[in-house]
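Take this structure first; my questions come after.
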Amino acid sequence: MNQPRQPDTLDVLRDALRGFAAERDWEQFHTPKNLAMALSGEAGEVIEHFQWLTAEQSADLAPEVRDAVALELADVLLYLVRLADVLDVDLVAAAQRKLLINAERYPVDRARGRSDKYDRL
Amino acid sequence: MNQPRQPDTLDVLRDALRGFAAERDWEQFHTPKNLAMALSGEAGEVIEHFQWLTAEQSADLAPEVRDAVALELADVLLYLVRLADVLDVDLVAAAQRKLLINAERYPVDRARGRSDKYDRL
Amino acid sequence: MNQPRQPDTLDVLRDALRGFAAERDWEQFHTPKNLAMALSGEAGEVIEHFQWLTAEQSADLAPEVRDAVALELADVLLYLVRLADVLDVDLVAAAQRKLLINAERYPVDRARGRSDKYDRL
Amino acid sequence: MNQPRQPDTLDVLRDALRGFAAERDWEQFHTPKNLAMALSGEAGEVIEHFQWLTAEQSADLAPEVRDAVALELADVLLYLVRLADVLDVDLVAAAQRKLLINAERYPVDRARGRSDKYDRL
């Protein structure tokens, strides 16, 4: 007998967000253009937590700051999943494809210890 | 008999990105501050695909544009997962927490058909 | 007899921001990297005002919203001027140079009525 | 006898951008919403130049990088001036107003040497 396959968290989030928007009649606002803006706005809120911190401070956040950042990252994820959904983009497949592209662009021997963009390696 | 539990896609991505960074000795660049910048830069690239489109055009992308956007969304996801990892933030738990907060902030009866922020409902 | 030349507004802002930072011992925080983050964060706040609006609504803001947006645009300008200053970049000269580049990239006869990027005209 | 007043650089840029858009029949694309997106996209390009640099490296750019950054800052300025124009916002007046607000929010004696936001001083 087969166990039911564990649903993937990104699928669960996608479905939750679909329901959330449908219940509130928000599909009218959830155009790809608007969601791309919302995504960017949330990324801006992440930035604001880190802008005056040194690299070291950014890696050693006070618990309440880390918690606030976690909720900003959640906002980015939620808009990202929703945007991918309305565009009918498979986010995980795209991420896996991009990982392969990156592996080719940044060969270990040439990219090691360097932060240069691939076209300058 | 237990089937092995299906690994979650976000965990798989997190582990892949850890390995990718470790192999290239890139942990030195992957401070939260730097990754927050990279995340924001990628969100900016998503924006650039949509900035001159009408809402309608944004929902009806040519296949090659949709494909390019998919890879930009992938970049956002990859940096988001990596940033959460170096901050030791559980992205899915944070997203679920944020969904609950949003459900409280945007009650169906008051939020229906309105795009106002919760503090103006 | 010569009248004193009217000082340029961008120079006045630059000097005011220099003084503001010096008085508060904020030069230590005003690295180009940090100011680039602050600039991006403020651009994100501009975005948030517009994300759920239609194009038409965005061109017909309520006075109190327009006023709030004006202060966000001010924030972008202040960080932009400050960032250019610490980088020793002449913002106006750069803008004039970019206008010339754009005039060449977007010839009137080919760009008219089209929002395509120059490499697709 | 009055000398003609020196035109202000921001007014000159505003007029140049108006003409540039009019000649190309681009006013249709230059809604506040779209220009806010373009502004944010350009701020994202500024970020990308700095994301992997240390604070020290960001203050000591190679000449060709500084030059590329100057053109990105120019893009931000051009979209900012254009956005303010279509919103009929006086950018300089808004900046001066914001400077006064900031002076009140960040009194020298309390803000000295601290990067905290005003509501935490």
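Letters A, B, C and D mark the chains as written, and numbering starts fresh at 1 in each.
Keep in mind that, in the parts below, contacts are C-beta pairs under 8 Å (C-beta built on N, C-alpha and C of every residue); 3 or more make two chains touch, one makes a residue touch a chain.
Here the structure is a predicted model, which is why all the values come from computation and not from measurement.
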Count of contact steps on the shortest path from subunit B to subunit C: 1
Pair of chains joined by more contacts [C-beta pairs], A-C or A-B: A-B
Distance from the mean Cα position of subunit C to that of subunit A, given in whole angstrom: 27
Cα-centroid distance, subunit A relative to subunit B, in whole angstrom: 1
Shared-contact residues (touching 2 or more other chains) in subunit C: 29, 34, 36-37, 40, 42-44, 47, 50, 52, 54-55, 115
Residues of subunit C defined as touching subunit D within the complex: 2-3, 5-6, 8-10, 13, 16-17, 20, 23-26, 28-29, 31-34, 36-37, 39-40, 42-44, 46-47, 49-50, 53-55, 58-59, 61, 66, 69-71, 73-78, 80, 83-84, 86-87, 89-92, 94-95, 97-99, 101-103, 106, 108, 111-113, 115
Interface residues, subunit D side, partner subunit B - complex: 29, 34, 37-38, 40-45, 47-48, 50-52
Residues of subunit B defined as touching subunit C within the complex: 36-37, 40, 44, 47, 52, 54-55, 115
